[in-house]
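What follows are several structures.
Here chain A shows up in two complexes: once beside chain B, once beside chain C.
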Partner chain A sequence: MNQLYLASTSNTPEVDFDFPTRRLMLKGESYPESAAAFYGDILSQTAEFLGSLKNEDLQVIVQLNYFNSSSTKMLFSFFDRLNQAAEAGNRIMLDWHHDVDDETILEFGLEVAEDFPAIEFHAHALES
Partner chain B sequence: MTHESLSQDINPCFPGLDENLIFFYAGYFSQNIINAIGDSVRLRIGQSDASGSVRRKIFSTFIEMAQNIVHYSSDSLTPPEQTNLEMRAGSVLVTHVDNAFLILCANPVSQAFAEQLTPQLEPLRVMSSEQIKDAYRKALRSETSESSKGAGLGLLTIAKDSSAPIEYGFNPMGNGMLMFTLKATI
Partner chain C sequence: MEQSPLIHPDLFEREKAVLDQAIMAHAQGPDTLHRPALGELIGEFERVIREMRRVIGHSDRTELELNIANVRLRELTEALTYQNRHDGLTRLLNRNTLIHEAERLLTRGPMAIILLDIDHFKQINDRYGHPVGDKVLSGLANEISKLVSYPGFTGRLGGEEFAMVIPTNDIRQAIILAEEASHSIRSLRSSTEEGLRITASLSVTIAPRGFSFEKLYLCGDDALYRAKHNGRDRIEIVWTPLGPMDENQTGKTGEHADQISD
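So, the complex of A and B:
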């Protein structure tokens, strides 16, 4: 599969899903008018990619400054799919970057770590 | 100039809240307008002495409220069935009163929509912050309801960040519609 790349906008993150090198990155802001519309195609391409992996390593980097409630729901589905791929024998490493004083994003990350234990979760606090 | 006439001048939507006003906007909201206002709210809050955590909660509450207006206000410039590039009317206010930031929003809704909203809002007024967190965790893991254009998580997100119970009201507008107002305290 080819790389999926979307440049950031004021309300959507940079999406750099480099499927060939097994590295997926989301970075920036996420509060589109419709998170379902924005993430729909990204999630379906990712699901297709994950289905093709067999005993491989995948690095996922999430560095979001802010995400709204509907994006939160989409991210949760994304991690659910990553967890399924991990349970199927792949090694999924999630680097979760959050601002040092952003308890909301850290708490959401911890929810993800709790719900999806097959993912190797690493939280990184960033100084603002 | 008396305080009353000043409040008429600055903010006609939320009486008595003009002192220490940080931000007020009334009119049509679209995603582009939210982006622009969001930048301005971030800058204004950044100039206050609020902690990083408080600033983030104010911004998040503002975005959830403004996006609710774009999705659900009954005063729509775009056709009601259109689900992207929507433009709908409402107002949002941010002010600083007694060491707390208040964020209020208002938009017209139909009677039927008010009846859908009330059972979602009323429990949030009586739940403890732990109960709100639990409800949020459940909603995050549940399927999105059909009437929701977002995730059904928006009101819970607002309630979770509010340090006091959220307040809401529906006031008859005379044209059969109700003016819905919602208030959060950060």
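So, the complex of A and C:
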């Protein structure tokens, strides 16, 4: 599978899913007009990719400093698919970056870690 | 507006798929005890999805508004911070900020202060009107701010009185600056009032690191008064070096101060 790359816009994050190197990154702000439309294709490509993995390592980097409720709903689907891939025997490492002052984003990350226990979760505080 | 999940992407695609399965199973029977329970589950599940859609839609709109409000708040805070530090007319530092910054600079090293007062400003206002007076003030502010660069700064102390502050232990540097300021003020011209000539009286004072700003300011003010008293349009220099040791006598430095005519 090839790389999936979308440059960031004022209301969508940078999407850098480098499937060949097993490294997926989401970075920026997320409040698209339609979160379902924005994430729909990303999620289906990711699902296809995850289905092809067998006992592999995958690094997922999330550095979102703001996302709205419908994006949250779509992100849950994303993490759920990652969790399934982890349960299927892959090692999924989630690097969760948050601003050092941003408790809200950190707490959301900790909840993700709790709800999707097969994913290896690492929080990273970024100095602003 | 209801969207068809077959064409449009949907936040609840997965939930809808499971729900459709349940609806099909429920429709096919057979009539067992599970059937009414499944029917009830379908109804509740549909309700949860519908309500979740409303909640998410509402949250998205609220978050967007909050986000916009946040940006505006940040812009307002920046504007207020600026207004709190600057003089509204001339956009130079205001009196409080200038004093505060000068006190801070003086704790870190030697500093020169040039005080500047426009000559016969009241007459300019009386004769040409306040709008012209305001233009003189902002024109002068523009000229003197061009002469001083960071970490030096300029400010309006009030009325027609201004200050230029530079970190230096070389009084000659401050004198050159005062002369440049005096010169550029003299060349200020009004586009509407041809006869208007502007001059200023200035004082130059220097102090070593750790000296009290209050005393430095008093000393400069004293010299500025002498510049006015001795005929205006001139620079009065306090040559006597002020030192932490001299603090007790700074009130008297005026007596030792030399003068140069401009």
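Keep in mind that, in the parts below, the second predicted complex is superposed on the first by the 128 of 128 C-alpha atoms of A that agree within 3 Å, B and C clash if a C-alpha of one lies under 4 Å from a C-alpha of the other, contacts with A are read in each partner's own complex, and residues count from 1 in each chain.
Simple rule for what comes next: a residue touches a chain if its C-beta (ideal position, glycine included) is under 8 Å from a C-beta of that chain, and two chains touch if they have at least 3 such contacts.
Note that the coordinates shown come from a computational prediction; the quantities given were computed from them, not determined experimentally.
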Which superposed partner A:T104 touches (first chain B, second chain C, both, neither): first
Which superposed partner A:Q59 touches (first chain B, second chain C, both, neither): neither
Touched partner set for A:S77, first chain B, second chain C, both or neither: second
Which superposed partner A:S69 touches (first chain B, second chain C, both, neither): both
Which superposed partner A:S10 touches (first chain B, second chain C, both, neither): first
Contacts of A:G40 with chain B and chain C, given as first, second, both or neither: second
First, second, both or neither for A:D115, with chain B first and chain C second: first
Of chain C and chain B, partner touching more chain A residues: B
Where chain A meets both chain C and chain B, residue numbers: 31, 34-35, 37, 66, 68-70, 73-74
Residue ranges of chain A touching chain B (in the complex, touch as defined): 10-11, 31-35, 37, 66, 68-70, 72-74, 76, 99-104, 111, 115, 128
Residue ranges of chain A in contact with chain C within the complex: 31, 34-37, 40, 66, 68-70, 73-74, 77
Contacting residues of chain B [partner chain A, same complex]: 31, 34-35, 38-39, 51-53, 56-57, 59-60, 63-64, 67, 70, 83-86, 137, 140-141, 144, 149-151, 153-154, 156-157, 161
Residue numbers on chain C that touch chain A, as the complex places them: 8-14, 55-57, 59-60, 63-64, 67
